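What follows is a pair of complexes built around chain A, which joins chain B in one and chain C in the other.
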Partner chain A sequence: MKTLKFAALVAAGLMAAAPALADLVVPNLSYRTGPYGANGTQYADGFNDYFTLLNERDGGIGGEKIQVPECETAYNTEKGVECYESTKSSGALVYNPLSTGITYQLIPKVSVDKIPLYTPGYGRTSAKNGKVFEWVFNAPANYWDGASIAIKYLLDQNGGDLNGKKIALVYHNSAYGKEPIRTLQELAKKHGFSLTEIPVEAPGQEQKSQWLQIRRDKPDFVLMWGWGVMNQVAIQEAANIRFPMENFIGIWWAGSEIDVTPAGAGANGYKSVTFNGVGMDYPIYDDLKTHVIDPGKASQGGPHVGSAVYSRGMYAAVVIAEAIRKAQELAGTSAITPTQLRDGFEQLDITPDRLAELGLPDFGPEIKMTCDNHGGSGMARMQQWDAEAKKWNLITEFTEPDQEVLAPLILEDSEAYAKEAGITPRDC
Partner chain B sequence: MDQLIFASEVLVNGLMTGVMYSLVALGFVLIYKASGVFNYAQGVMALFAALTLVGIQQGQVPFRHLINAIFGTHLESFGWTLPSVLAILLTAVVMIALAWLIEKLVLQHLVGQEPIILFMATIGLAYFLEGFGDVMWGADIKTLDVGLPQGISDAVEATTANWFGYGFFIDRLDIWATIIAAVLVAALVAFSQYTKQGRAMRAVADDHQAALSVGISLQFIWIMVWSIAGFVALVAGIMWGTKSGVQFSLSLIALKALPVLMLGGFTSIPGAIVGGLIVGVGEKLFEFWIGPMVGGATENWFAYVLALLFLVFRPQGLFGEKIIERV
Partner chain C sequence: MLYREAGDFKTGYRSDGQTFPIRLDRWGYYALVAVAFLVVPFLINDYWANAVLVPFLIYAIAALGLNILTGYAGQVSLGTGGFMAVGAYAVYKLMTAFPDVSIVIHILLAGGITAIVGMLFGLPSLRIKGFYLAVATLAAQFFLVWLFNKVPWFYNYSASGQITAPERTVLGMAVTGPATSAPAKYLICLCFVFVLAWLARNLTRGTLGRKWMAIRDMDIAAEIIGVNPLTAKLSAFAISSFFVGIAGALLFSVYLGAAEVGEAFGINKSFLVLFMIIIGGLGSIFGSFAGAAFMVLLPVFLKNVLVGSLGWPTDLAAHIELMIVGALIIVFLIVEPHGLARLWALAKEKLRLWPFPH
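On to the complex of A and B.
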């Protein structure tokens, strides 16, 4: 009898935990603990809050409520895969694990399970080629776009000529940090600058050797592909050796408030690439305040609303929500399947007008994806840290990357993957 | 010639970095020496101490997220900013209270157990403290400023530029770390050599049973040793936290202390210092000369290789006690 009661209790618990059948399930593979927890928390909060806003204000998408079950990965690849396996049977429509390492492990799995994987601004760059990576999407920009835009910015700042200049790349010694190397090498050949690659072992608490090398080599510019504590230490060390901050550019994952705040005034003038707007000067925050923050429904109580990483998490949710909306329109049903969501992604077009309608005017570049282009335009812009005002200022408009260099690289890398994985590219 | 000058700069910076490693290793040595316990939680204690210091200094309400979530309040801060010295003293009191709790709730129940059981208990303690620190003070990255200067030392740069034609980089924070470490070690040595409690600590370290038989309280000694290790963790947390902000990664600095302990020995305070210096210099010079040939980022693994090389010749570490068991 006791066993029966226990079984009934477990079954009731499971039923309560499982989403209703018609709900749209968007698992949040987040990390709020571990060495990267401070960043992961902000992203997860932004991601959750946007879906809460849609549920509270609009009743979901197309009348369907959105469930966002969270699973803690601690930025650990094995745990990320466990989270994927444990949530995919709940009717998961799409994954966004915020980790290049986890993404690499999930790419073959989502291809078998036929579930879209959305990796905005991270993951495998060549997944932009939708002919090979049918289930992976990485718009609005990828790491190679980021590298190209940083170099384009430096070209603009130097009268279009980087010939003979020295550029150092300080990178997280991981799959993520190594992503831009190939592109930067090609760009170095094209523009005549020299590239020095300087790896930093994770987590990056100690970087004395790397910054002594930079002090000796005296590069004209330093680019950084960092994450977590590596960013804070690098910016502090750069300030310590008096490296000119305006010549130090990070990728978007090295461009949040928490990266620069510990260095105080020393971080003033530091720049980063970004593909999303910063600050709270967008109408969407009025709606968030009314429907999410004030009623006490914000993730963690809303301490990070408006920060750079929070905004990026929210932006990822915006793109997913728009893809769901498109998929519902194409399928003629609100209860869509992952395959229908893939179709939604492939016909997604978030125009500037649509962004403005969503309360995010000029927040990101236009996102237009197709069957063969899963990466959008790759446009991004530059932001600069004002230490006194403690805020990021956008200093350029959205810029296109150098597709002349990037397109052949993406084709080469994706075709090599297709060959290795035995994939026949789709006809698009 | 340039290479030699650059190598000298790397060497000096390696020594300074080594001191920072030694600060972490010291806490391990103190506890291991007095109780035979390898305290896996030492790194997390440094994180907890730094979190508490920032919290007290900036007047943050402890457990505010929890309180706000349960009672619907919006507590944030008491509204004060305390002077650094007072905040450090109050944090030291918290670390003593923590040591007392650890002795009462964990160690006291494990007296007479195998060392591996005590080691496992410290693993549990590490995970508990990590979560407890998060709940108490929040998981955000916090800026720690106790007035320690940072950045290049102009005096060193100008002097070396005069001597070698190339100004050396030395971080003023590292200079302070060296001075503080020297004072800390001198104080620890003086304490253990010239005070009654210090001698009792050494007696317990030599032989628990014999110490008990002459009336030394094991309970008191353990609280005292964990309190001192807590204070050392606070100093390490201040130094590393000033550099990177106070965040979870601070707990990982323990990984930097392990090769230092393997090399210097688990039972020697001078061993922790010398071990730290050797590891600091060794890894920096290896990275300088060999790193570029093998793709760089050699420091993490090379520190362990260096420690293992020393172990081949001195399994007890450079200053460790040689264990001779007769059967």
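On to the complex of A and C.
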């Protein structure tokens, strides 16, 4: 009898608690622990706070409250799968796991379960091709866009000529870090620079040999695809070998305050690509303060409000909320299904005017998605760290990536996936 | 009163040497197998399969494999994650190179390939022992992960270095790929577990198992009584790696569907499987299962209780969960160093005397 009771208790414990089905459910697969926890926390807070704001200020979207159940993945793919399985039965509308590894895992699953997967600025680049990846969206920009924009910026800085220059790519040795290599190789061919690939093993606390190699090879520019503790170590090491910081460019995930502050003044001038605005000079923060922060409803008490990664988490929530609004409009009902949300994403058009209306003028590029373009325009801009003022400054306008190089690569990669997975690309 | 051997007469050596000499045990085992094969597949849903049962079954195979090497043959190994990666990449290469051959054959072949690799890395065990061997196998772990990251041939030159399992079927049912139903996933793993556990049990109580245990207990004495250390140690490495390779192949193809070597088969995996057999019980088949259950189910259980029922913040729950699991490991090692298997054996001994203990 006792064992039976115990077994029942264990079984009940293993069963996931199911939330009420009435609301719109947007699970937040976050990570606040592990080597990437410091970055993941900020993103998750931004994501939560925007939905709290909508719930508090507007009573949800279209009169429907939004529920954001959180599930801790620790950036671990197995835990990510568990989180996905335990939340999907609760009527989840869309997933945003903030991990390229988990994204790769979920792409086939969401296609079968018919739930949209929104991966802004990460995940599988070729998911931009909506003909093949019906359920995956990665607007406003993807890694290949980021790589191209970084090179474009360097071209601008060097009078349009990178011939004979040496560029090193320091990357997280995982699916995430390897993403830009293909594009950079193509761009190296096109612009005549040489590319050195320098992998860093996860989580990246040990980079002495990599930076020794950089000191020896003396590349003109260093690009970095890093995340979590790897960024801090890399920027510190770069400062240690006195690598000129203005020639060191990170992708957007290597461009937050916590990445540069440990290096102190040594990080001054470090640059990174970004697809969202930085700082707190946006009207939305007033609303956020009145409705979320002051009443004490901010996620984790709001210690990271306004940081670069927080802003990006909020931006992801903004796009999802806009897609939900669009889907409600298209479906004529406020209680939408994941399939209706997919249609909402495919007809999403966030114009600069709409962004200003949301209290985020010039915060991100215009996002316009269609059935065959799930990646938007791919525009991004550059930011530079000012160590004295401890803030990021935007130094360029939104620029277009080199679609001439990217489009064929995306087509090639997505077609290879379609062949491998046995998908017939749909007509758009 | 209920649980006793009195009245259970054995009239031959066969029945005397059977795995479950007590009738109640035997019935319990048959009932468990019947429930696992005939009842669970009809009740299982995606969550139970993907979060609980499939990982438990797969890690049980890995724990069985490591238990053969460490628990029975006494050779410490920290290379389990690397050997699982060999199984995963072998099955991936085979699946993509020969799409028409049954996945079951591919998984078995992947086990065979891992056995060869395991034997290769087992060669140093002929000269070194204990901690030194642990370090040698640790080298295997890092070398194998590096190899699968470095050489693009292993991941078919995909841009991201990820491997993704295409859809394969057994008897017309998809067992790999996204369209796999929960019962199919569960059943394919259960079949492998059933056969492999049966194999492990019979290997370990036969000639080979006795040789392994002789080597474990005192290798010089074993050599004097005629056990060849070369064949005993290498066979332990081969068979253990075969099990671990199959676990890796299933983990990638059936459970995860896509994998990245550093993340899915890193050093953490080696430690996880090692903890499983230490907590479960070294040198015990039941211990492998108990340890796998403990390490797979406890975190899920704690997470659901702390976050789902008590509504704690997820990061606090995740940290508390690590602390609870860690504390329990220490408690187990102090209170019962021989693991859950020993606790189970003690409970059974007490039950035999119940209600009249000495």
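Keep in mind that, in the parts below, the second predicted complex is superposed on the first by the 408 of 428 C-alpha atoms of A that agree within 3 Å, B and C clash if a C-alpha of one lies under 4 Å from a C-alpha of the other, contacts with A are read in each partner's own complex, and residues count from 1 in each chain.
In this section, a contact is a pair of C-beta atoms (placed from the backbone, for glycine too) under 8 Å apart; a residue touches a chain by one contact, two chains touch by 3 or more.
Every value quoted in this text rests on a predicted model; they were computed, and no experiment measured them.
Enquirer: Determine, for the superposed arrangement built on chain A, whether chain B and chain C clash or fit.
Expert: Pair status: clash.
Enquirer: Now for A:Val229: first (chain B), second (chain C), both, or neither, which partner does it touch?
Expert: First partner only.
Enquirer: Does chain B (first) or chain C (second) touch A:Gln185, or do both, or does neither?
Expert: A:Gln185 sits against neither chain B nor chain C.
Enquirer: Once the shared chain is lined up, is A:Gly264 touching chain B (first), chain C (second), both, or neither of them?
Expert: Only chain B; A:Gly264 stays clear of chain C.
Enquirer: For the three-chain arrangement built by superposition, which of chain B and chain C touches the greater number of chain A residues?
Expert: Of chain B and chain C, more residues of chain A lie in contact with C.
Enquirer: By the touch definition at the top of the document, which applies to A:Ala38: first (chain B), second (chain C), both, or neither?
Expert: After superposing on A, A:Ala38 lies in contact with chain B but is clear of chain C.
Enquirer: Answer with first, second, both or neither: which of chain B and chain C does A:Ser90 touch in the superposed model?
Expert: After superposition on chain A, A:Ser90 lies in contact with neither partner.
Enquirer: Looking at the overlay, what does A:Gln300 touch: chain B (first), chain C (second), both, or neither?
Expert: both
Enquirer: Let me test your reading of the model: by the given contact rule, A:Thr337 touches which partner, first (chain B), second (chain C), both or neither?
Expert: Neither partner.
Enquirer: May I ask you to decide whether A:Lys208 touches chain B, chain C, both, or neither, giving the answer as first, second, both or neither?
Expert: first
Enquirer: Report for A:Ile198: first if it touches chain B alone, second if chain C alone, otherwise both or neither.
Expert: Only chain B; A:Ile198 stays clear of chain C.
Enquirer: Select, from 134-142, 152-160, 170-178 or 242-250, the region of chain C that bumps into chain B once both structures are placed on the shared chain.
Expert: 134-142
Enquirer: For chain A, which residues lie in the overlap of the chain B contacts and the chain C contacts?
Expert: Common to the two interfaces on chain A: residues 32-33, 37, 41, 173, 199, 201, 300.
Enquirer: Mind listing the chain A positions that touch chain C in their complex?
Expert: For this pair, the touching residues of chain A are 10, 13-17, 30, 32-33, 37, 41, 70-72, 74, 76-78, 81-82, 85-86, 88-89, 100-101, 104-105, 107-109, 111-112, 124, 173-176, 178-179, 181-182, 199, 201-202, 300, 413, 416, 420-422.
Enquirer: Taking the touch rule as given, give the residues of chain A at its contact with chain B in the complex, in rising order.
Expert: Touch list, chain A to chain B: 32-35, 37-38, 41, 173, 197-201, 203, 205-206, 208-209, 212-213, 215-216, 228-229, 232-233, 236, 239-242, 258, 261-262, 264, 266, 296, 300-301, 303.
Enquirer: Would you pull the chain C residues touching chain A in the complex into a rising list?
Expert: These residues of chain C touch chain A: 45-48, 50-52, 55, 149, 158-162, 164, 166-167, 177-179, 255-260, 262-264, 266, 297, 300-301, 303-305, 307-309, 313-315, 317-319, 322.
Enquirer: Using the touch definition from the top, list the residues of chain B that touch chain A in their complex.
Expert: Touch list, chain B to chain A: 6, 9-10, 13, 17, 20, 65, 68-69, 72, 134, 138-141, 143, 145, 150-152, 169, 171, 240, 243-245, 247-250, 252-253, 256, 283-284, 287-288, 291, 295-297, 299-300.
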